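Please go over the structures that come below.
What follows is chain A paired twice: with chain B in the first complex and chain C in the second.
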Partner chain A sequence: MTAQETQTPTVERLDDAHSRVTLALEIGLYPIDVLYGAAYIFIDRAYVLLDKDEGVGRPGRYLVHLRGKNPMSHEQLLALCGEFGNELLSQALRRKVVKQNQKIIEEITTQAIAGAAGGTLPTDFLANQDDGLDFLDDPLGIAVPWEEKFKKKKDEPGAAP
Partner chain B sequence: MSLPASVPLHKVKAEALVPFNHRRIGGRWLVSNDLGDHVFLTDAEFTTFVQAETRPGDPLHERLVAGNFLAGTVDVQTQAARWRKKKQYLFYGPTLHAFVLTHRCNHGCQYCHSSIVGMERTDTDMSIETAERAVDLAFQTTSPGVTIEFQGGEPLANWEVLQHVVEYARQKNALAGKALSFSLVTNLSLMDDDKLDYLLDRKVQLCTSLDGPADLHDKIRIYKNGSSHELVVGWMKKINDRYKAMGLDPNLYRVEALPTITRPALGRWRDVVDTYVSVGCRAVFLRKLDPFGFAARSAKTLGYSMDDFVQFYINAVEYILELNKQGTQVMERHAAIMLSKILADEEPNYLDLRTPGGACIGQIGYAPDGSIYSSDEGRFVAAMGDDMFKVGTVMDTYDRLMTNAQTRALVMAGLNDGQPDCVSCVYKPWCGQQVEYNYKTQGSLHGRMRDSVWCKKHKSIFDYLMAKLERADPEEMRIFERWTTHRVLDHFLQERSAL
Partner chain C sequence: MSNPNQTVLLHRALYMQQAIKQAAETFADFASFAISRQGAHYAVAISDIDAEADGDVVAEFCNFALYNTMQRKRKKI
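This part shows the complex of A and B:
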């Protein structure tokens, strides 16, 4: 079947016989996290493969290959594409809402967990869970030997000669 | 929703207004804020409001001040205290502890959520050791109240462990001093006089299922040893008589029963309500079929669209209101919960309608093998072969259960503030979502409220009730006031030093 234009994303290929469909969406229209999030929602219904088409003389595109785990009719495949588009939009909008309301979300969650756990959690409780540090990083200097941490510099009073 | 066309955007004085959401209801604008206040405004009043053109002394100005809609007039201290009171569930851990005592059951209900097995499968019973460990965990909650709810399967099938949990929890409570209560969700088929004597003596609240008249109930709730309906109705009468004989107020103390609405019930709202009235119930909780367990598998025969359910619901509540006007006191529980929030400014802590939702921090489900789930629904998902909502086991520490990454994710996903649609919904201050439902129906913890049946159900019921409030028929308002009068069933609270 030839490419079918829908709003967004575009149905690039649709193969009724094998319950397969390929969607294409312009890189830059959705953040990659949003694409991952939307694609993940479909793994119970379809086998999902994400790919990239760099494009020659036109903007690059993400390609989403979906193959139904069970046989799907033409209409069901089109509905699957529509669902995918809706999920993309929903994930993108939620990302924005969460960003806008991040402070209140974190404060309420921290309070709820602290209330349930019976203590006041550190204010950076949520932020600390994934701070992007490598396991060898040591921002608090915990692994620095005591002698090294507290050794006096040469010109300080009491420093070793 | 966008502003009415009559309001020029450049004239809106957002800085003078408390953030609000709005929706057209019955020819006026329903306006609400996050504090839980609401007001109905005509087009002209709405325009005056958003342009902040009211003056002290104007009736409209005074209504807006009373509703905390004008930024400069809000008493922040008072409103902060009010918010804290309504959100007190954020300050403590789970109150509801659902103990699944066994997977065994002697009924074959077509919509059963659980993974039930035959009565010979005693290997699916909760052991005394697991039960004790679960009680130990339940008592570590920071909540001042603990409700242990016995579920199954049919929990009476594991009678020995049920009794043990009651005695062990009462013993622990002698030291803990919590507001401890027990409830038993049973089909009543294994009830006998000795068991009833014990349950009444230990103040265990009894709840059962009643789907309507006999033909409807027995068609869905299949009991091979006879009529489930006859059995349930018989025991309900007997138990209600015993409550009366104990000197308990019959207006308050009755067996709680719940119907699950299936397709055959859709045209029979009168029959369902009449059955409840005939067995002496003062409340009906019209529950939609869930997307879990057998219900998911039997959706083709028992299921229906949300539009169908909403129409059924409205028909039934209209009929209930009619009965009230004729002098029969009966309420619809879901409406009563919503109206308590809207009219009485109360937070009944109904876990389906709070934000964040109740997963882990409001309730915990303990399975017979010691697995711990985020909620009842979490274990229903597990019964379908997906352990997504298993947050630990009874061997874990309470602290770990409450603070692990999974619990945090469930709490954050269950917040209206992170959800498109919810953030701009006029019903936000009174509504909530259930992450397990989102996951089962739409594949993610967050779901998509715009095409979620959960959202459609709640929004439709809110719309219906708000249209009633907008019309403010005096007789209906008096009925609603009665529905929202909170009466504590303190008989079911264990004495703090029970031993």
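This part shows the complex of A and C:
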């Protein structure tokens, strides 16, 4: 068994003359989102065509047809295949990390949005909003001037003569 | 030299019909597109390809169809 046969994705066909290569990867190995993610990275420098080989008597495979937008040598095509394999792993890891941290990401985002919206008021504060007071009522005596509030009475000891 | 008429098979599990239609609209000035179902694939018959057009119209169309599919699937999540 050669290294090319054991690696994933496997190089199914390589056509130097037309800068074309076909990769195959087992369907169960990579989720479809991972395949899309990797294909997206290559879309600017290669023509990408995805296909599916249902497979009779063996596991199904995704086929990835890549063709360089510019002419590519044999080595460059092999490098392209390697890069695609790396990108698949990178996308798979990214997906795993996002999944693991989904709750934290959602919580931070919620807090950031709430903060930007001016924060939320406690519910009991909102419930007690109507306390039956007029705006001129001053039950805590906040509007009473300091002198009036703390004026010592004439007959109190220590009062000025 | 590219063929004047070509048929591209896009797997229905991997490409969305609306995404293919959208790509066909994008390239409507450069070719004519007819989309039909053929087993597990969408068969896109591409004809009247503008010989003056820069680049490979068919391959660019496929890239657009793929990109549009990705965009639509992402919006669905």
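We take it that the second predicted complex is superposed on the first by the 103 of 161 C-alpha atoms of A that agree within 3 Å, B and C clash if a C-alpha of one lies under 4 Å from a C-alpha of the other, contacts with A are read in each partner's own complex, and residues count from 1 in each chain.
Everything below uses one rule, namely that contacts are C-beta pairs under 8 Å (C-beta built on N, C-alpha and C of every residue); 3 or more make two chains touch, one makes a residue touch a chain.
The shown structure was predicted, so the numbers you read here are calculated from the model rather than taken from an experiment.
In the overlay built on the shared chain, the residue A:Leu29 is in contact with neither chain B nor chain C. Contacts of A:Arg67 after superposition: chain C is touched, whereas chain B is not reached.
In the superposed model, more residues of chain A are touched by B than by the other of chain B and chain C. Of the two partner chains, chain C is the only one touched by A:Lys52; chain B is not. Of the two partner chains placed by the overlay, neither chain B nor chain C lies in contact with A:Leu78.
On chain A, the patch touched by chain B and the patch touched by chain C overlap at residues 40.
Those residues of chain B lying in contact with chain A across their complex are 89-94, 141-142, 356, 360-361, 399, 402-403, 405, 407-408, 411-412, 415, 417-420, 423, 442-444, 446, 448, 450-451. On the chain A side of its complex with chain B, the touching residues are 37, 40-42, 44, 86-87, 90, 93-94, 97-98, 101, 104-105, 108-109, 111-113, 115-118, 121, 126, 129. Only residues 32-33, 36, 39-40, 43, 47-52, 54, 62, 67, 69 of chain A touch chain C when the two sit together in their complex. Every residue of chain C that touches chain A in the complex is listed here, in rising order: 8-11, 13-15, 40, 55-56, 59-60, 62-63, 66-67, 69-70, 73.
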